[in-house]
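Below: a set of structures, written as structure tokens.
Both of the next two complexes hold subunit A, though its partner changes from subunit B to subunit C.
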Partner chain A sequence: MDEEPERAKRWEGGYERTWEVLKEDESGSLKATVDDILFQAKRKRYMFEGHGQVRLGMMRHLFVIIDSSRSMEDQDLKPNRLTSTLKLMEFFVEEYFDQNPISQIGIITTKNKRAEKLTDLAGNPKKHIAALKKAVDGTCVGEPSLYNSLNVAMQTLKHMPAHTSKEILVIFSSLTTCDPANIYELIKTLNALKIRVSVIGLSAEVRVCTILTRETGGSYNVILDESHFKELLMLHVKPPPASSSSECSLIRMGFPQHVIASISDQDAKPSFSMSHLDSTSEPGLTLGGYFCPQCRAKYTELPVECKVCGLTLVSAPHLARSFHHLFPLEAFQETPLEEYEGERFCEACQGELKDKSIFTCQACKKVFCVECDLFIHDTLHCCPGCMQTDRTS
Partner chain B sequence: MFADDEINILVIVLDVNPIWWGQQAQREPQFTLSTCLDSLMVLANAHLVMSRTNKLAVIANLYQKSHFLYPSKQWKSGDEISTSSDGKYELLSVTNDLFAEEIRNLMDRTEVSGSHTDSLLAVSIAKALCCILNLWFMQIAGQDVKSRILVIKAAEDSTLQYMNFMNVIFAAQKKNILIDACVLDADSGLLQQACDITGGLYLKIPQKIALAQYLLWVFLPDAEQRSQLLLPPPVHVDYRAACFCHRNLIEIGYVCSVCLSIFCNFSPICTTCETAFKMPLPQMAKTKKKKVKTAN
Partner chain C sequence: FRLNIEGLLVYFPYDYIYPEQYSYMLELKRTLDAKGHGVLEMPSGTGKTISLLSLIVAYQKAYPLEVTKLVYCSRTVPEIEKVVEELRKLMDYYAKQTGVKNDFLALALSSRKNLCIHPEILHANIVVYSYHYLLDPKIADLVSKELAKKSVVVFDEAHNIDNVCIDSMSVNITRRTLDRCQTNVETLQNTISRIKETDAAKLREEYRRLVEGLKEANVARETDIYLSNPVLPDEILQEAVPGSIRTAEHFVGFIKRFLEYLKARLRIHHVVQESAPQFLKDIYEKVCIDRKPLRFCAKRLRSLLRTLEIADIADFSAITLISHFATLVSTYSKGNLFVTNFGFFLYSCMDPSIAIKPVFGRFQSVIITSGTLSPLDIYPRILDFRPVTMASFTMTLARTCLCPLIVGRGNDQVAMTSKFETREDFAVIRNYGNLLLEMSAIVPDGIVAFFTSYIYMENIVASWYEQGILENIQRNKLIFIETQDAAETSMALEKYQEACENGRGAILLSVARGKVSEGIDFVHHFGRAVIMFGVPYVYTQSRILKARLEYLRDQFQIRENDFLTFDAMRHAAQCVGRAIRGKTDYGLMIFADKRYARADKRGKLPRWIQEHLTDGSLNLTIDETVQLSKHFLRQMAQPFRREDQLGLSLLTLEQLQSEDMLQKIAQIAQQA
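Now for the complex of A and B:
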């Protein structure tokens, strides 16, 4: 274990004079400063960290370990930590599957010195969200066990193929952990299996978590308040850079056709969907669905792994959703409004440019207002100006 | 219906590929660009009249460039509202006049060059999204904003901007903006996917002369009212992927784990990102080693 020089703790640094940021203008009003702060907050909404040409881990298997010990009943996050965490987790699961449609998530909870799986690794967001909604009623007792929960996650992750990115995210609120064996041995095993562990702390920095994340290459953050918690969670939605030792391979996938049949069709036969055979509620006979091209088993939703023949079934838009990670959009250059001489109109929304600064795309030299810039980088991922000039996708 | 609580934004994207429209005028002289524009004006007026708070925008798409026909920049700076002589609602007469003037300007200053018979709609839909978001921010708190984009497509599809188009579709889906499509000539797979993913309506018009009727009956009602109407059934969308090497539609393919490109056959090197793949070796059965007894 190499000891990096530890960061200076906050109480060791100098004082921060936060009251000096606010400045009054001649008439004594703070409006200009407040506008400035709002503008900076808008800009901070997307923190553009360009990975450059780094290979990303696109197929991710992520386990989320949620601490359900006694410390989660603390009411510093309203109404209590557990409810707040579960609500943010629902949002996280939706965003995660939006940005990584071919990845999978599993959820583990730990309390009373034991760990148990809430949901298994699956690619369908509905099951996870239903389980999270039910878990709000659960009680928070006892102490968490970091060793046990990491062990449960590891048992499943070690069978995953090498080209996927194996990750664990721990939401840790207690300051203690109760482990049956030496956790440093477990950290060595995790490292050998190339599993990346990140921790979001809700109370304070715990040394064993620092070592855990440092050894496995993950990140460790402690939240300040609820909005900071959300920001930290959202950092884990983007695909991380793939480790150099992960292998690249060609994965065989199927692209089934969606069959919509009606009762009047001669050939339409009602059939069960394979994904609903095990569930106790509504095993309905339906006419249409997705049929696996290899074994003709039926499924109602994609993406799914065929239970009969093991083929991963996806549809082309699922892969297309991840393309913007591979070809990220460059950040636009920010210039103050006074220096700009051309027509004061935003290229995208045709609105007048009223904000403090305007944004220029480096490639096509068109200008955009701050709202359009945010929309383009956050959601659209392609520049309307460049789309008018280049002919290739 | 509380009229002040809801804003309905309709953005019409019109495909004005001059080559297609020119050929169309020779094929069917009854239906030309001017008759199409008349039908569009009827739809635009009807939309504005439905409620006081409805908003409209019209974009014309020429090859791969887009121009805003309404609202236009010149109008904002000038602001002359001509009083109509026949007692028509002023907003409608202003809208129609501006619309006609802008399209006349557009046609005057465009030089028909090349032989592009396809049109790339991604950029117009992207600008429509930005325009909707701009109008969104002008809402008063407490108002519900519903928006949709109606695409009127004339010329053929082009697969050159597949990725941009898909990005635009996912952005619309995320912001809950419906994309409807009214197709005049050839079926468009991209627009079918767009309508399916965002929840809009796709319709290929059997008789072009009746365009106004189809527009008013099918595309004028907004999303809530559509559930109570008997509308054309959804079309079957082909979601199979096209392989990168031959552009064939395939049912089972191989996907590179690094760049997500799709191939129909196994190959040792990915052509897009040039990574070498590990070949799956056949498993060797372990033979039991018999213990060699050392003769003492």
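Now for the complex of A and C:
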């Protein structure tokens, strides 16, 4: 199939039933049921998370493996799977560092039965995003190799300290994998090293991925469409629960304050930032910045690992943002609409309550609709009703 | 848990029950109450076996005088093992619930190698064995003749029961058989003369027994202890072995003469078909062999072998076969005989009802059940019995886990069909290739593709190779092919499963009516899609088939076309049914022939497939199929847990007892 010239024009593309997504199923069978199941799963997810004190692996080392095989040229995501995936990945990287300031990420691509490291494990989003932007122009050829790419990731991850959470996320578009050896052996090794492997499938459920994720304790999902893809990807932004056997340890961390020096200040001298040492493209001399409390090396942005003394530098707001992972908002109680005797409008969006069930905050007893319930738990992480009562009281 | 089915307390060894299982048991109970026969169709993977076992066992316990024994017949050894496994579970559950030590005796007879005839079979409450023990006259006589009348007989996976009956009444004789028979006769002769010198009394004793012994059999039969042997009708057994073959030497001489006659018949150069009476007339004219001694051939031989104390009966298989042939041909006038120039001698019985008649006649309830028995009404017709219940059950599903699609056209709008006139058409072959290629790119893990015959498969695969289609397919998946060689096929199957397991993905090309299509399940990832290339009609030019069709038309008023379509569709349903083996499983069923869209074909599919076949899935092009399949596979890949099934397709006891659930259950069974 790949001898075919690039299928750029829409009318040259494959036959698609785009109306299928909007179609209402009169028999109420397939789509409605699956959606219902999905919705239940979504709720269950945060219900589970809200379950008391769960230890989370806050310090994560994550390798993302991106399939760049022939099947990534498929146009069922617009404009094609590769472009769409890379775009979402950029967003993912940003979100990831936003929520996990003391974590690192690395990217691996696989095509033509080989695996290639796009970026090494590092804590700086800019470098990854630049690499992802460059990868859009790459070609997609041959078959992927799950074995080789997992192996590459494993070689780095196995040296990571035991208190960190070691994870691999595979974005797998192809339905086949060309492996040089028995992958089940590798799965055993990954399991022994406590590396969690999760997979997001772009086409269908592949057996080996099911086994891989089940054995290593990861999750396996297959996308339905682009928005579902994004949703699934965002699930991996949140830190996973730490395995009970992982070690605890204290980590030294620096909280440098941003020093703003004005030109009028006589003592201020322009200096180079340490992070610009190896990149020649950006302008070097600046006045202000973050100074490492241990060795006084200067950086222009956080979070970063100090190049001189190896101290992890973060800002206090970063840590605060990770806070809600540890103390998630309690799940709201679900009750059928008929049983509710109050004014039928949602506390958050002020819309009328029309769905078959409503959600009540256990603390402030305010009532919310399904959409707001999800929004509050997924994005806000605090109950607007409680906030209001706090202020008024 | 404990169920109450119309007043009968049934112990069910699982915590959950499928609604259709409940419905199935209900029908079964009614059949037993009426003491009649039943035809029940329920999809595989919905727990047919355990429903059957738990209901019948409960029935036995509740009415020990009405039903004394359960005879469970299945087809293959793995299936028998599965039944035994379920039975063990049920018995454990009984023991746990009632606290009483199990007083049930169950017996499983697996392969012929382990054939064991112990008097205990008489007292066993449950007997599990292969079809042949009941249907094959050669074995039935040994194993099953002492089963009591008040037994319930179950034929599981019975969609091919008519063929099994015909096979059991047919004999195949090649030139090699005759040659081996010749040596057998010589050995016999030598043994006889040796024994005559050393122990002549033994032979005399046998002679005496043959004269006297039959009287005893007569008495036994009158007292209704035996299941009548389908080969030897009662009236024959009541006669004594004719004098001309009573002594050992005479009998051997007789066999020799018969053998010479058969050999002479093989020396022809064209195919001859004749009926049994014609054959008998000819043999009488040429070598003066009468009909009567021929009838006793099998019995006489068995007696002789026993007298001579021959340990290894397997050595004498050739002569045993010939003697069976002699008995069959002289007993049933409905048979047909074929002689060909390849030294191929075939006696074929056209009527499956002969072999099964004693079973229906003798036992109070006979249940015929399978995943694919549609259309239900044809089985009673060809097997010549009157069922009291005929029902087809659907599968209740929390999600639509099967997706039947009928592909009728290629992207170039050329009709896809394996019709004889167009099957060699280049465009058709290419479209079939494209279909497989496109599917190989979107279906994960395993695909099984069925062709209508080995020759057709070879032609198509060769043509695909020339067009480079095979090479393209191999980028997506490995290709394995079923051949007529059993060892090769099992090797291919093993490698196929390995490739499905480790993520490389594989395609198995096989043939409808072959070994793969009948006995092997492709659960979960071993079969995510089944593609049926063409309609698997039986080879219509075969003389045996022609004779059979003629017989069906004359005797049962079944039109040729109806039977052929029925036969083709039951095989197609069997093939596609390989992919779905339970409720958590899912799979695509692709019928690649535009003829499937016609009402006469579609209507003959089992109901549980038909109900998912909407107007939107008929006569699709390849592109449309790909889109629908992609959508389906993504939907099915979403997480699916047991809780999602609960209350819909999986019930607890409380849910089962609710009023509207019982109403829903009533709709599951459809009476034919």
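Throughout what follows, the second predicted complex is superposed on the first by the 286 of 393 C-alpha atoms of A that agree within 3 Å, B and C clash if a C-alpha of one lies under 4 Å from a C-alpha of the other, contacts with A are read in each partner's own complex, and residues count from 1 in each chain.
By definition in this document, a contact is a pair of C-beta atoms (placed from the backbone, for glycine too) under 8 Å apart; a residue touches a chain by one contact, two chains touch by 3 or more.
Because the structure is predicted, anything quoted here is derived from the model rather than measured.
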{"item": "Of subunit C and subunit B, partner touching more subunit A residues", "value": "B"}
{"item": "Partner chain(s) touched by A:183 [first = subunit B, second = subunit C, both, neither]", "value": "second"}
{"item": "Subunit B versus subunit C as contact partner of A:192, first or second or both or neither", "value": "neither"}
{"item": "Touched partner set for A:204, first subunit B, second subunit C, both or neither", "value": "second"}
{"item": "Subunit B versus subunit C as contact partner of A:285, first or second or both or neither", "value": "neither"}
{"item": "Subunit A residues within the subunit B interface of the complex", "value": "55, 58-59, 98, 163-164, 242, 247-258, 260, 293-294, 311, 315-317, 319-324, 326-327, 343, 345-346, 348-352, 371-372, 375-376, 379-382, 384, 387-389, 391-393"}
{"item": "Partner subunit A, residues of subunit C touching it in the complex", "value": "398-400, 437, 441-445, 472, 475-477, 500-505, 524-525, 528, 621, 623-624, 626-628, 630-631, 633-640, 644"}
{"item": "Contacting residues of subunit A [partner subunit C, same complex]", "value": "1, 14-17, 20, 29-31, 33-34, 37-38, 40-41, 70-71, 76, 143, 146, 175-179, 182-184, 201, 203-210, 221-224"}
{"item": "Subunit B residues touching subunit A - in the complex, by the definition given at the top", "value": "64-66, 68, 71, 73, 76, 120, 122-123, 126-127, 129-131, 133-134, 137, 159-164, 166-171, 174-175, 193, 197, 234, 236-242, 250-260, 262-263, 266-267, 270, 275-278, 280"}
